[in-house]
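Note that chain A is present in both complexes that follow, paired respectively with chain B and with chain C.
For the complex of A and B:
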């Protein structure tokens, strides 16, 4: 086996600055979608509405930025939409006892139609809306760091949301494991009855978790619509809400796990872009890659979990 | 005797309570829809009137409603079957497309007399849809991976796969990505062709509606009268209980999901054979998702879903007319239907209705979310 060839391929498709930058960029919405899934799943809620929340976030990000000529207003509008959609989702599914999966399915389809409707009615265009008046989020150059070779270009010069996503991963970790509220959230997720008897208001904790998930998802949406190109495209979430759920499963429900599994998806997408440039195979197969990777990752993950469980059982039987 | 009477009144009360809930939900959604229209500067009464007139006011409108409802009946029944067995098949969309492309291929590539060709083409659609449902089903049943993520992923994979097929191997003309036209022996006749142009001018309503209704009848009988139908319903209500009662979970879940995918695929091929007669890339997205909504709207039972699909088809026909005449995007209908479902699903919101004396008996089954796996 000729390793130099392998190294060459690795360097070409993965380990060079441009690819790694692409990986970090493309992973950002997945990280945020993953946190959206994480915060609700740790509170014991099956939230499949992330996809719809991302779409709303993307749309309101563009709308806020367009009408106020400021990317920050776009960010604010998107986050507000996340709070409102998350709040309504929580109100209907937790308080009004609507079946949470049915509610999620309905919200996702609703978000799709509503954003198409709004694009046509408010901006008067179909398909995609872009305009020079939509302000994009400016790239942030980190002083000192940006001048260091390799690390500088790798870690500096992204838009605000990329850094925010990294910070939120750390904050979520601290929240879950270092604060009493995080303890409450985990208790509610692991055993709601026990948490109730300890005097934790289960309903309130879950309400908060769903609203937080709405904000995370809306940030993912705003990154899609304002982070790179300033435009809203119909159905631009493209399954990232669900990929976020997969990433959360794959990352074991841990913030750091979510971050690194999202990077994997970032790599898959970057390699896709690379291959697209080289015209090795039809573009349609390349576009499939993230979805195939999600299926594959879930399969591998659950197979390994099953094996681990079996091994643990055998060990227990052996000891007994 | 008294016991029986009591159960009957109880049942009536339940049915009454349910329909009151649905009516109030529709009313609430129509109200919210009106607010949207008012904000848009439109007169809601006029819009709703145009909507109903567009759907039902003329022979043409009625036939367009029927045409739009045909694929929705298939996808709604497919969703209902899956939902009832407790599987959230949100992959109906992809299964519909795969069925359509499989049917289109058999429809143009094979030359046979109609009596064999047409059933063969329909069967190809059914098998295509079932095959596409097979992977998520196996992943759920053998590995325990949630079908919600996997079926959504297979939707995306289906659209890209079909784009590839219509752009490369199955492409007919260099100008547009579409397959060759389906042989006349595999087409489903449109009413306008059957009547020599007197009925249904300017519409593409076709005899596929009878295939749809046949599926409805068959599924109704299967659910009501057969063992597998009973097992599907029981598994959906409580699968630990069903397993304890001796039902094979694997067979029920996998069988249910495959038939669900098959019906969705059949819907795809019927749409191709009746309306399009060739596969255009991305010819009509959204039938699967609207079918999901129609199944929820119809209370996840066969008859209810069929009525909901007909209603949805009619409203879509009306909305298409509205888009042409008043310039209002047809997605308005999807929004209103979505709102109806929000209000319908929110049992707790209608608790005040139940407090009224004469509907006190109507207490819907409360489902818990705790035991759902991620």
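For the complex of A and C:
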């Protein structure tokens, strides 16, 4: 077998700076969607509304940026939408006790139709809206770092939200494990009765978690609509809300785990884009790859967990 | 002397039930006050009112003479009231220190948890009250007795002066119970007041200063412990004279029915719960399996009835190997079982009494004819069972959830015993039942034996095991610690085995004197 040929292919399609940059970029919305799933799941809430929250974030990001001629206003508008949608979700599912899955489905369907409707009504176009007046988020060049070979191009020059996602991963970790509120959140997720009898307001903690998940999701949305191309496209969340849930499971509900499993998703998607350029496979098959990879990763993950369990069982049997 | 707690005219109504009806309770500063009563008498409700978990419709609460309004849990905590619930409220993956300080943890610069202070304050408080604990251990790795200690420390950390202990001994070994009593005494010596909920009369006599007895939501008596006795307390609780002892004739054991050899079973966490257990049960005898809950009893029963695979070993009933048979096939061989959780496995709660009575034989004549059920036969069967087993129900068509625990258990017994089993397994058959129903269940178990069934009785209640069993095996960490004739067993001896103390030979277990000496070590 010709290994040099294989290496060449690997280098060409996988391990080069451009691909790794692509990986970090494409992983960003997934990291944020993963944090959205993480913060709610750790509080004991099954939040499937991430998809809809991302979509709203994307739309309001574009709208804010277009009307105020400022990407930062877009960011602000998106985050507000995240708070509002998160608040509504929390209000109905936690306070009024609507079924949380039904409520999540409702938000997702509503987000889909509402953004289509708003695009037509407000911007007068169908399908996609782009306009030179939409300000995009500028790339940030990090001084000194940017001049270092390899590391410079790899770590410098992304838009604000990419860095924000990294910071949020760290902050979420610190929040969960180093602050009393994080402790409360984990206690509420693991044994709500215990938290309740200690005077922790379970409802309030969960409310906060859902609001935070709304903000995380909306940031994923803004990144999709203002991160590269300044445009809103119908259904542009493209399942990332659900991928976020998968990434959270795969990452074991840990912020750092979420980050690295998102990178896996990012690299597969990047390779997909590359292959599309090469025209060696049908385009639709290639765009299916990231999702296929997620499915595969989850399956392998589950199987290995089962195997570990079985091994432990046999060890125990051996010991006794 | 002012009362530490005074509850006056408390009334609490749940849909359809008056749980507390004009209840008065007065607890002196620094006393150990026992609150006794049968299940549903309203003890827990009353304490939940005091702890701010329920809101009474009427009544007043005074703490140290001042009238207070306890609207929520946090109000009660602020007033210095602490409660150790029967089901511990701990977060399994958190450490001891995290659990104790949860909700009011020391902070560092206002934002971060001050982990050193968390550790230190837990050490300090555990030393002050002489409650030993390692602050950094995870709850999931600790035995039940230690978890309970964490619960007590949790209350002390919040400066509780009044401690409510809700049936604290239900999950403990005799040894752990003695330790707990030591802790309670040292708490009182440190100026705390303890309210102790229980229905074990012997414990009331041993630990309490005064007793308040409740029945049907009302207080039926308050007395000094020194001026009463168990028989009188039982009468107060039940409202009539109670036979505390079961009457039965000596066993007439015949052929071996159940034969268990080197059985090994895993629990839900894939840990070995039953580790090589062997025993026989003969026709016409009751074999009691004693042990603190969680020592493999549940897994043992589930493996015999077919709800859980046996990893190794053999289970034979009437010389027929069961291990490859499914549940229904085992039942056909002659196994029947009263499961330990009657609400989950005993009955289908939304289904009618009638339906619940046929779920074990709906598929064969006379209940079914080919693919069709025969309603008239089913109705007659239900009526018959209800009468024979004295099920108090408005009709055979009401859903199971409408019945009380005792009547529900009668439905389960009716179904399981009407199959005329060769092997009858009763797992925790009287858990949560009142004394009247317990009497009935016990009589049915003895009747099954006298009819010639082999009976395997699994119970965490030592008194029940001792009064019913012809032979007793004690399970500890999935192994049999010892076997002894029922008549020769003593509570002290069984207690040693239950605590895993191996020096106890059957002779020791049979001799209270030696056993006491061993415990003293």
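Observations, loosely collected:
Basically, the second predicted complex is superposed on the first by the 311 of 320 C-alpha atoms of A that agree within 3 Å, B and C clash if a C-alpha of one lies under 4 Å from a C-alpha of the other, contacts with A are read in each partner's own complex, and residues count from 1 in each chain.
Everything below uses one rule, namely that contacts are C-beta pairs under 8 Å (C-beta built on N, C-alpha and C of every residue); 3 or more make two chains touch, one makes a residue touch a chain.
Note that the structure is predicted; figures quoted are calculated from it, not measured.
Room for both chain B and chain C is found when the two structures are superposed via chain A, with no clash between them.
Contact with chain C, but none with chain B, is seen for A:191 once the two complexes are overlaid on the shared chain. In the superposition on chain A, A:206 makes contact with neither chain B nor chain C. Looking at the superposed arrangement, the partner reaching more residues of chain A, out of chain B and chain C, is B.
In the superposition on chain A, A:42 makes contact with neither chain B nor chain C. Applying the stated contact rule after C-alpha superposition, one finds that A:110 touches chain B and leaves chain C untouched.
By the document's definition of touching, of the two partners only chain B reaches A:239; chain C does not. After overlaying the two complexes on the shared chain, residue contacts for A:101 are found with chain B alone; chain C is out of touch. Minimum C-alpha separation, chain B to chain C, in the superposed model: 6 Å. Residue overlap on chain A between its contacts with chain B in one complex and with chain C in the other: absent. Considering their complex, residues 53, 72-74, 77, 83, 85, 87, 89-94, 98-99, 102-105, 107, 111-113, 154, 264, 266, 270-272, 275-276, 311-312 of chain C touch chain A. Interface residues of chain A facing chain B in the complex, by the touch rule stated above, are 41, 44-46, 48, 51, 92-93, 95-103, 105-107, 109-110, 112-114, 116-117, 120-121, 192, 238-239, 242, 245-246, 249, 282, 284-285, 287-288, 291-292, 294-295, 298-299, 302-303, 306. On the side of chain B, the complex with chain A involves touching residues 40, 88, 90, 135, 139, 143-146, 148-150, 152-154, 156-157, 160-161, 163-164, 167-168, 289-290, 292-293, 296, 328-329, 331-332, 334-335, 338-339, 341-342, 345-349, 366-367, 369-370, 372, 374.
Contact residues of chain A toward chain C in the complex are 178-180, 183-184, 186-187, 190-191, 193-200, 309, 312-313, 316-317, 319-320.
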